[in-house]
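All chains are identified by letter, namely A, B and C, in their written order; residue positions are counted from 1 within each chain.
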Amino acid sequence: MDEFQTLVDADERIEPRDAMPEAYRRTLIRQIAQHAHSEIIGMQPEGNWISRAPSLRRKAILMAKVQDEAGHGLYLYGAAETLGVDRAELLDLLHEGKQRYSSIFNYPTLTWADMGAIGWLVDGAAIVNQVPICRCSYGPYARAMVRICKEESFHQRQGFEILHTLSRGTAAQHAMAQDAVDRWWWPSLMMFGPPDDQSPNSAQSMAWRIKRFSNDDLRQKFVDMTVPQAEVLGLTLPDPQIRWNAERGHHDFGDIDWSEFFAVLNGNGPCNAVRLERRRRAHEEGAWVREAATAYADKHRRVSSTAGAA
Amino acid sequence: MSKRRDWPLWEVFIRSRRGLSHQHVGSLHAPDAAMALRNARDVYTRRSEGVSIWVVPAAAIVASSPDEKDAFFDPAADKAYRHPTFYDVPAEVQHL
Amino acid sequence: MSVATLPDLATYALRLGDDSLVLSQRLGGWITNAPELEEDVALANIALDLLGQARTLLSYAGEVEGAGRDEDDLAYLRDERDFRNVALAELPNSNFAVTMARQLCFSTWQLALHQRLTSSADETLAGVAGKAVKEVSYHRDHATQWVLRLGDGTDESHRRMQSGLERVWPYVAELFTTDELEQRLASDGVAVDVSALRPEWDAHVDSVLQEATLTRPEGGPMLPAGGRRGIHTESFGFLLAEMQHLHRSHPGATW
């Protein structure tokens, strides 16, 4: 195991067949699976609006974006599978509620402007979280993230563009945009996880170079990035305490309501049950299709191997 | 879970353009080779990333083991004479 | 302006555009609901291809009409009776077998049509068709692969696939029903006479059904089958209500 830590410390990548501490493997499986589940469940709040997108251009963009999320889930499940688990097992754990996905997707998408707020704030926060993972110590996870970050660069931009258009549109559209930002701002800040002093696993993940920056550092980075963008949008962030602190060289911001975070995390968010139920239903209703394809493959493998022998 | 048979895992290799070799890009699940190829097209070439695809059953790949790493790869390390930079050539000599 | 008074060419572009738009809208409903994640991605690809076709064709219809209507005016501000898609395209997804039966029937027909349309005297239509042929070849292959697997898979999938075919079959006849407008345009070399496509369609579909151990349904055409004349199925009004409500709630807004 010394060799493992030497490689990690030298900023080398750990590859699937390398020796690794069991706890490292378990942590990665849990984190990558949670990340993959988040992509898959995260398709739902936006998928809700594909049928209702207000222009054909927006419909095409949204469909491509939700499709990308399915692709990203696949890349991530693939990365997790290099650690010796099956995707099917991971999906079972998701369906049984034994593995988590990001709590942000337990909030409802109530208006079209939510497509903008998700792209701008939720994807924006996700990108801040994900970019450092491109240099994560586990090779397959890092490579999947490189691909994902490259593809996601359009996701945040399209969200910003939706809000920018709404903000400069009719009074009703502007109000719709402001309402969405009001609802998504605080949950987006919670995406970075609990404050550093309440995040017990962070230190170990940082020593393993799975994680490179602390929750609070990433959150601060996101706030600093987002405040000036809100001004360009002509929308306000729902926190009267946001102001530039020249001494710190960062924006100060108000206290996050962590009781809400933990309530949603523990299953009491507005959509926890709905999201999981829909995911389970799709999986159950697809069972006969998956079985049919397997049966067909069996029959035809037999036929072709018989033919080959003859 | 023991009775259920899930679609097998396939590794996907893509030639991004003519003149380059296929590179490993990731994996996916598919019931058979024909569907694996199609799924690879749909999942891994959404942004015109490829002109040719290989899919290989993950179970068919034979990999070297990290335990053999020293015996496999270290003996090549001391053969510096295989590399052009090993040789001293007067600076004025061209095309060598 | 009612669709009834449009120039022939605009109506023709609208028909083909509505086919693609409505089927894309239906297929979009599979995203997050497909039997496997890879299939979410595959169906979204097909829906995106169709949506791209629809946007070009509706824009072109508006351009030919010359009244300043763009793709969104045509997609969002027409009522049910002014849509010109074949009824097959609007049939609800139901289950995966019904969707694949619909896909096989539609894409086999659409491919045959666009292959001929590539030599249309109308350059725009020929251009649309040139691109669509590549897309739809893949759609037809996708549907073919699935119909084979479901038909020749398990007993349950065979039963479901057969019943999916029975469900969509009554709407197949409309695909090959020509009318005066199409005949006028066809005689100018602009449009494709769909009544000529049947043998080719039968050849592909029959060979797939046979290999998939499925039986070709016997049921006759649904009467009156009239998507092209604006007579749609009951489910279509709900599809439009969902698709159009947001756009219509904010008249004149930009998105």
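Just a few scattered comments:
In this text, contacts are C-beta pairs under 8 Å (C-beta built on N, C-alpha and C of every residue); 3 or more make two chains touch, one makes a residue touch a chain.
In this text the structure is predicted, and so the values were computed from the model without any measurement.
Chains that count as touching both chain A and chain C, per the definition above, are B. By count of C-beta pairs in contact, A-B exceeds the other of the chain pairs B-C and A-B. The distance from the centre of chain A to the centre of chain C, with each centre set as the mean of the Cα atoms, comes to 34 Å. Separating the centre of chain B from that of chain C, both taken as means of CA atoms, is a distance of 41 Å. Note on chain placement: the centre of chain A and the centre of chain B lie 28 Å apart, centres being C-alpha means. Multi-chain contact residues of chain C (touching two or more other chains) are listed as 36, 38, 41, 45, 149.
The set of chain A residues that touch two or more partner chains comprises 64, 67, 71, 74, 290, 293-294, 296. Residue positions of chain B touching 2 or more other chains: 7, 28-29, 31, 35, 43, 46. For chain C in complex with chain A, the residues that touch the partner chain are 21, 25, 28-29, 31-41, 44-45, 47-48, 51-52, 54-55, 58, 71-72, 75-76, 95-96, 148-150, 152-154, 156-157, 160, 242-243, 245-247, 250, 252-255.
On chain A, the positions that touch chain B within their shared complex are 17-19, 64, 67-68, 71, 74-75, 78, 81, 86-89, 92, 144, 147, 151, 290, 293-294, 296-297, 300-301. Chain A contributes residues 40, 43-44, 47, 50-60, 63-64, 66-67, 70-71, 73-74, 77, 112, 162, 165-166, 169-170, 172-173, 278-279, 281-282, 285-296, 299 to its touches with chain C in the complex.
The touching residues of chain C, when paired with chain B in their complex, are 36, 38, 41-42, 45, 141-142, 145, 149.
For chain B in complex with chain C, the touching residues are 7, 28-31, 34-35, 38-39, 42-43, 46.
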